[in-house]
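Listed next: structures, encoded as C-alpha cells.
Next come two complexes built around chain A: one with chain B, the other with chain C.
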Partner chain A sequence: MAAADIPSAALRHHDLCSRGIRLARKMRSDVTDLLDIYVERQGLDASISVAAVDGVPAAAAERWAEQSGTQRLLDNLAAYRAFRTLLAQMLEEQREQLGDADAELGPALAAVLLQVSAFAYHLEELLELESRGAPAEEGSEPPAPPRLSLFEQKLRGLGVLRELAQWAVRSVRDLRQLAKHGPGTTLEGSGTALGLPESQ
Partner chain B sequence: PQNLKCVTHNLRKMVCTWDISSKRRHGQTEFCYTIDDVIPKCFKTKEKKVEIPVPGSSTTVKITTYSISGTAFATRHFEIHKKDISFVPLAPRILSLTPDFSTSTLTLKWSDNGSAFPYGLDASWEIEILRKETMEDVTRESYNSKLTHEDIIHSWNWKSDMPLECTSHYARIRHYINITQFDGHKDWSDWSPVEVVPGKDTEPSGSGLFPQDTVVAVGSNVTFCCVHEEGRQVQRMSYGAKDYPLIRLSSRSSAIRVLNASASDASGTNIVCRMSENGMDGTVLFVGYGPDTPEDLSCETSNFVIIKCTWKPGRASGLYGVRGTKYSLIESISGKNVSCEVNEMKKERVCGFPVLADQKTYSFVLGVSNPIGQTEASLLVDLNQRVNPETPEKLTVSENSSTSVRLRWFINGSFAEIRLLCQIEISSAHSEQKLHNVSMPGGKFSTYTAQLNALHPYTKYRFRVRCSAADHFWRWSDWSGTEEHTTLEA
Partner chain C sequence: MFSGWNWAVHCFYLFLNICSFEVSGGLVQSCGHIIPESPVLALGSNFTALCILNESCLDFGNIYASQIIWKMKNKVVPKEQYREINITVSSVTFNDTSSLASPLTCNVLADGQIEQNIYGISVTVGLPPEKPENLSCIVYQLSNLRYPMNCTWNPGRHTFLDTHFRLKYRWSRESFPDCIPKSVNNSCTISDVQFFVNLEVWVEAANALGKAESDRLVFDPIEIVKPLPPHNLSVNSGILPTVLKLSWENRISAAVMKLKFNIRYRISSDTNWMQVPPEDTASPRTSFSIQGLRPYTEYVFSIRCMKEDGVGFWSDWSEEKVGVTTEDNPSKGPTVWRTIDASPSPAFWTVRLMWKALEPFEANGVILQYEVTVRAKPPLSHPPWRYNVTTTSLTLKLPNGTYEVTLIAHNRVGASPPSVLLIPSSNSKAPVKNIRTLPKDGKLWVGWTAPNNVLKYVIEWCLMSNSSDCITEWQVEPGNIQGTYLKGDIKPFKCYLITVYPLYADGQGSGQSVKAYLQQDRPSKGPTVQTKKVGKAEAVLTWNHLTVDEQNGFIRSYTILYKTVDGNETAVSVDPSKTEYTLSSLTSDTLYTVRMMAYTDEGGRSGPDFTFTTQKFGRGEIEAIVVPVCLAFLLIVLLGVLFCFNKRDLIKKHIWPNVPDPSKSNIAQWSPQVPAKHNFSSKDQMYPEGSFTDVSVVEIEADDKKSFSEQDLKPFDLLKKEKSTSEGHSSGIGGSSCMSSPRQSVSDSDEGETTQNTSSTVQYSTVVLNGYRDQTPVQVFSRSESTQPLLDSEERLEDHAGGSDGTTQRQHYFKQNCGQDETKTDRPFFERAKQIISANEEDLAGFAQLQISGQSSQPLGFELEENTQEAALPDVLQTSTEGQTVRPETVEGNVPSVDEMPKSYLPQTVRQGGYMPQ
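After this line comes the complex of A and B, so read on.
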C-alpha cells in the first residue's frame, strides 16, 4: 500500500466506522419501536421471559475487551447475517398468519430487515478494508425454520428482536473500539466481558 | 334350596340360580327339571347355578341337596312360569373407541349382536362417557336402533367439550331390548367393559397446552388444558390478559374454561400456562365468524374475455392470513373452478372467470369458506345480457364537410357476437347538449365509426362517446375522453 494511501485508508476506515455507528444507533431505536409494536400486535405480555432462541447469536460476549478488530467484525457479521435470515422468516410468518390485516407489523419488520441487510453489507466493507475479506455465506439456502406452534413462533420472534436490540448496542461499542484503533490492529487489555443490560 | 331365579340372555337358554339356607356343609346338588310336561331331566352339580332351556310355558324343578356323605338332606320343588323368568341381554362389546384429536370427537363402534334375536326388536342403548383419573361421569346418552336378525355394527360420535389430549376419556355401553312378546321381567344389560382413550397426561413425556392453535366461532365456550411433567405444578393460566380459575384434571393436567369467547385480534388470543420452576407453555386461539352468505352477487363482462363477478361479503370474519375466508367460483355447466384472490381488508370483492368458447349461459356458484364455516351464493347469467363494455378509447374526429364529421373510436374487447349501441354526446357553446344514438354490429378488438350530420359550420364542438349492448341493455360503459373539433367554414 503506497504512502499516500495509508491516510486515505485510515480516513475511509474512520468514515465507515462512524457511519456504521449511526446505522447501528438508528437500528437500535427502530428495533425498540418494532419490539413495542410486536408485543402489542402479538398480544404478548411485555414482561414475558423468553429462553435463548436456537440460531440467534447472543450479544453478550466473554473477554469482549480483548477481541481484535477483525474478530469484532467477524462476530458482528455472523450475527447480522443470522438476523437477516431470522427476520426474513419472521416476515414470511407474519404474512402467512396475518395476511391483509397487517398494515403495521409487516412494514416495520421489513424496514428493520433492510437496515440489518445494509449493516451486514457495511461490515463486509469494513472487513475488506481490514484486507481480510468477508467470509462467504454458508450455502445458499438458509436452514428451514423449526416447526413451532404459533405461540412458540411468537416467543421466538420476541427473542430474536430482543437479541437484535442487544446486538445494536454492542455494535456501537464494537465500532467505537474499531474507530479508536484504526484498521488491522489487535488489542490487548484486561479480560472484561461485555455484559449487556437485559433490555425489555 | 330357596330363592330360585332364572335369567335368560337370549330367549333360548336360561341360567337358574338358588341359595341354600342351611349352614350345614353340603356336597353335590341334584337338579331335575321338566319342561312343558316332557319327561324330567336330572343332573348333579356342585354349583348353585345351572343352564337349562327356556320353557314354552312353564318348568317344574326339583332341587335336592346332598350331604358330603351323599345322603339327601333337603329337597324343594319349584314351578317356573314364563313371567317368572327375567330377560337380561348380555353386555355389549365395544369394537373400537377412536379419537379424532383435531375435532375432539370420540367415535364408538359396537356390534348389536342382532343375530341372536328375532327380527324387528327395538333396542335402546345407553352410552356413558367418563373422564379423568377418577373416571367421573361426563355424560350418559341414549341411542335407539332396531335389531334385524343380523349383527349390525353401529357407530356413534361424541364431541368432547375439552381436547381429548387433556386427560383420559372412557366409554362404556349397555342396552335394553324391548321384547313385547316376552312376559317375564326385562332389564338393562350390564355395562360393557370400559374402553379408554388415554390423555397426554398419561404419556411419560406428554406435555403441552391444548387445543393447539385452533379456530372457534365467537361465543364459543372453550376449555384449555395444560399438561406437564410429573412433579410440576401449574401456578396460573391466563386467557389474553386475564387469569382464570384452575380446574384439576389429574396430577399432570389442569384446565381453564373460557365462556362466550369474543372476537380475537388478527394474531389471535394467547393462552399462557405458567408452571413451577419457570415452566411456561402457550397456545393461540383465533375467534371469529363464519362467512356470511354473499349478497348482490353480480357478474358481467366488459370485453367477452373475462367475466367479472362482484358481491358484498357481509360481516368481516375477523380471521386473516391462512385462516382468512377463501372464495372460489365454480361454473357448473363447464365444471370449471377458479379460486379468487381477495383482500379481506378491502370492502370490494371481485373475482374473474374466463369467458369460455361457445358458452353463452353461465351457472355460477360462489363458494365461501373459512375454518368456522362455509356458505355459497349462486347466479345464472346469460352473458349477452350482462355486457358493460370497456371505455371507448382513441376517439378521433375527422371532417367531412362544414356540417358533418366522422367520429372513430376503439373498444378493447371482443363484441362480435352482439350489436353495440353507442351514444355520442355533442356539446357546443351555442346550442344545447345533444345525445346521438347509433347502433352497429360488434367487432373483435376493433375500431368503430359514426357520422354526425346537421352540424353548424365553423362551430367548435366537444364530442364524447359511450357504448352498451344494443339488444339487452345492461350498463353503459364509461364516457370516453372528450374530443374538441371545429367544423369547416360553410
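After this line comes the complex of A and C, so read on.
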C-alpha cells in the first residue's frame, strides 16, 4: 500500500505545492490591489511608513535558506493563521467604520481573508501529507488586542496588509523549495521542526 | 393539490381537537383517541391505526370497541379491515396508503343507531426524496475579484411533501454554511469561492419521510471557471496592407489563471466568421497580429478566452471591434468589352469601350482613374491613342480595322496589371454552338458547346421590353468553361436575350444568341381577337402577338374558343407563330362569341370576348338571286313596252283620249246650224265625227251622293232653281265641265232656240256630274248661261293671252283629270295657279276676288272642288289672300256682277247660287 501510495503522494504533494504557489501569487496580486483600495478608502498616504505591528508575523527570516521544508510550512501556517485572525478583525472594524455601504473594500477584504484561509488549508494539507500533521490552533480565543484609536486601527490594518503581501512572496518561494525537493526531503531536520511552537 | 388537501385535513383535525378540548373542558368528556397522531406515510406502504376508547365511556355510554366504525372522509372503511384488539381498542389496517383519504375518523353507534365521532386524524401521504443526480457547478467571473459558483442538479421525482434541498460544500478541514436554494429546488449559487483549494460539494434533499444525498464532487473551483472575455479591444493597421494587430486586456489575473484565446474575424459586409488557428493563440497574451487579410478591407474582430490548459469553460465572445487594412495595388485589371456601331458609315466605327469596376477585393483601394490605350493593328498605322478617364466607359470613333485596347486601373498606391481586348475587323473565328439556358437555383445558367482554343468568353444579355431599350449587360468568363450563371439581377417573368462571343488570341467569333426566362408565368393578358372577314359559314380571325412584356414566358400555343349564344364552346389550337385563323363550319346568320387564350409553359390567359354574326347569305348568293330577277323584270318591262307600242292606239284611246281644245276652237265660226263650218277646223279634221264616239261622260253615282251632304248638293239645287228661275236661260257650263264638248253641249241642250235667239248667249258646255264611263250617271246637270259670249272676240283672248292660256290650261286640266287620280293633279294645278298669278297681276286680282267671294259667300261651292283638289286649294287661297290685301274693298264692297266677273273657264258657284260662266 505504501509503495502504491508513494507516487500518488508525490503527485499530491506536487499538486498541492503547485496550487499553493498559484494561490500565493493570486493572494499577492489581490493584496496589492487591496492595499490600493485600503489606502484610498481609509484616507491614508501610500508612502506612509508603518512600524512593526504587534501580533503581525514578520515575513523576513534569518537563515531562510537553511530552513527545512516542514519548518517553512509551520512558519507559514502560523503566519497565515495569524493573518486570518487579523483580517477577520479588520473586516469587522471596517464594517463598523464604513458599514455595508462600502461595496469595494469589504468584499476585497473578505476575498483576501478567504484566500488566507485557503492557503492555511493548503499548508495543513501539505503538513498532513508529510505525516507531520498540522498543529492544532489554539482552542481559546486569541488574546484581545489592545484598544486602539481609529487611526491606529487604520495603520495597523495597513501594516497587516503590507506584511501579508510580503508573506505571499515568501510563501511562493517556500513552496517552490518544497516542490523542488519533494515530500521526502522535507523530513530533513524534522526533529528541529517538531520543537517549534505550534502557534504564534 | 396534495398540500391543499392537507390543509383541509388540518382544519378538520383542529375542529376535532377543539371538540375534544371542550370535552376535556368539562362539557363533554372525550371517549377516546387514535394512534398514531397525524402520521406522514410513504405512498404505497401499509398503515394501521388504533382507536382507543377511554374507560369512562365504557361506564357511562356503554361504548365498546366492537361498536367502532372507521371512516375515511365520509366513507365507511370496510369492516374486513377492522380488528378488535380488546374491549377498548379497535384497529384498522390499510395495505396501500394510496387508498387513504383524510381525515380518518373513529366513530361509534350510540344507542345502536346514532353515529357519534370519537376522534379523527389527518394522514399525509408522500414519497421520500430521491438522490439528487447530475450535480454540476460552474464558476462565473463577474469581476476581477468576484467569482460566484453556481451548482445545478436534478432534484428527482415529486415527493408530494415539503422537501428541502441544501447545497453543501467544504474543504476537507473546514465547512462552510450551506447554500439554500431560493424559490427553486435544483440550483444554488455560492457567492464566492476560493481557487486552488479542493472543494467538496454535494446536495442534500430531506423531507418528513427521509433524506438523500447526491454524489460528492471534489474539485478546485479554478477548474470550472467561465472567465469574462477580454475587453478594451483595439485594432491597429500594420505595416503591411494584409495585416492588422489586435490588442486587448484580460480581466482575470495571470496569477489566477493563464489563458488561451480564440480570435475570430470577418469582413464587415460578410456574415461568415473566420478564425485564427487556435494553436496560434494558445498561450497567454494581450495582442495578436492577424495576417493574410485583404487590403483596404474593413474587418470585424472578436475574441474569447479560457483557462490555458483547456479545463473549464470558454468565456463569451468579446465585443466586436472594427479595423481596416491599408490600400494596395489593384490586383487585376478591369474586364473590358466593347460595342461597335457601324451604322453611319461602314468605314468608320463608333466603338464604345466599357469595363467593369473592380471588386473591392480586386481594387485594393479607391480607383482614381483608368488609363485606356488603343493601338491600331496593321494595315492601319496610327500612333496609340491614350485616354485617362474616371468613368467605366469610353466612346471612340475609329476607322474600320483591328485594334488592341489596353486598360489599367490606378489607385492611390499604384496601378493594376493591364487588361487587353482585341477588336478584330471582323468576327471571323468559330462561334459557339448549341447555346442553351437553364434556370437553376434562382439563377439563369447559360451553356454552350465550345470551339477550340478559346481564350475567354463574353456573355452579353439584355432584358427585352417594349417600354425600354435593351440595356446590355455582360460578363467575361474563362475559356475553359462551357457554361456559367449570369451574374446580375435576373428577374423572373422577363425575357432575356443572351449572346455568347468566343474570344481568341487572334480574333473573335460571332455571337450566338438565345432567349431565355429565369421563370415563366402565365401571360398577363390574352390576345385581342377580331374578325377580318365574316362569311356565311366561316370567319377569318386576326390578332396581334402579345408584346414581350405581356408574354411572361414563351408562348407555346394559342387557343381560339368560340361559341354561339346557347351553344357549347369550341376550342381550336393555333400555332403561336400565326396571327390569323379561319373558323369554318359556322352556322349562317348566327351570333358568335369568340375569345383567344395564349399559353406559356405555366398556363394560359384569355383575351377579351369578341362577337360577330355570320352572314345570312353566302358570297354570290345575292347576286345569283338579284341578277335573274332584274333580268326577268327588264324582260317583262320590255315585253310590256312592246305590247304597249303595238297597242298604242287602243291604249291612247282609253287613257289619253283626244279632247278638243276649246281654246283652239272658233266659236264664232261655229254654229249649230252650220255644223259644216266646224268641219273646216283643224280639230274637226283631227277628230272626225266618228272619232268622238267614245267621248267620256263624267257621271256621279247615286251612291256618291252620299259623299256630298245635302248642303253640298244645294248648290246644284240652286243651280237648278236658278236655271228654272233665270229668264229661260239655260246655263252653259264652261271650264269645269268634264269631257264636255261643244258638240255634246249642243246635243244636250234642249233649248236650242234660246241659245239661238240670244246671240250673246252661247251654250258652250254641259256639265254632267256622273261616274266615269260605265258608272251610273247622276242627273245633275248644269247649264251655263253667259251673258257674254264665251269667246266673244278673239281679240279679247289675244289681249289676255297669258291669262287665257292659263285658264285654258286649267280647263284642260279639269277636263283631263276628272276621271283620273286626283291627288296627282293637285301639284300641277297649284303650279299652274302660280303661273297664273305671276303671269297677270290683274287676272290674279280678279281670280282672287273670285276665289274669295266664293269662299266667303258660298263655301259649299268650293267643297266640290275640295273633294277633288284637296290641298291644292288652300295653297291657291293662301296665295290669293295677298291679292285680297291689295284691294279688300273690292271684295267687300262690290258683289261682283256677272259682267264684272273676270273671264275664266273655272266653274264657280256664286252667292246667288248661279253657276257663273265667264
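Basically, the second predicted complex is superposed on the first by the 181 of 200 C-alpha atoms of A that agree within 3 Å, B and C clash if a C-alpha of one lies under 4 Å from a C-alpha of the other, contacts with A are read in each partner's own complex, and residues count from 1 in each chain.
Just so we're on the same page, a residue touches a chain if its C-beta (ideal position, glycine included) is under 8 Å from a C-beta of that chain, and two chains touch if they have at least 3 such contacts.
As the structure is a prediction and not an experimental result, all values here were calculated from the model.
S.K.: Using the superposition on chain A described above, determine whether A:Lys26 touches chain B (first), chain C (second), both, or neither.
M.R.: After superposing on A, A:Lys26 lies in contact with chain C but is clear of chain B.
S.K.: Scan A:Ser117 for contacts with chain B and chain C and give back first, second, both or neither.
M.R.: second
S.K.: Contacts for A:Arg95 in the overlay, against chain B (first) and chain C (second): which applies, first, second, both or neither?
M.R.: A:Arg95: touches chain B, not chain C.
S.K.: Once the shared chain is lined up, is A:His181 touching chain B (first), chain C (second), both, or neither of them?
M.R.: A:His181 contacts neither chain B nor chain C.
S.K.: Touch check for A:Leu150: first (chain B), second (chain C), both, or neither?
M.R.: first
S.K.: After the superposition on A, what does A:Pro107 contact: first (chain B), second (chain C), both or neither?
M.R.: In the superposition, A:Pro107 contacts chain C only.
S.K.: In the overlaid three-chain picture, which partner chain does A:Leu44 touch, first (chain B) or second (chain C), both, or neither?
M.R.: Touch status of A:Leu44: first partner only.
S.K.: Tell me, which parts of chain C touch chain A in their complex?
M.R.: Residue list for chain C touching chain A: 144-146, 171-174, 192, 194-197, 220, 222, 253, 255-256.
S.K.: List the residues on chain B that touch chain A in their complex, please.
M.R.: 209, 212-213, 240-241, 265-272, 278, 280-284, 320-322, 324, 343-346
S.K.: Considering the complex alone, what residue numbers of chain A touch chain B?
M.R.: Those residues of chain A that touch chain B are 41-45, 48-49, 95-103, 149-152, 154-155.
S.K.: Chain C touches which residues of chain A in the complex?
M.R.: Contacts found on chain A: 19-20, 22-23, 25-26, 28-30, 33, 107-108, 110-111, 114-115, 117-118, 121-122, 124-125.
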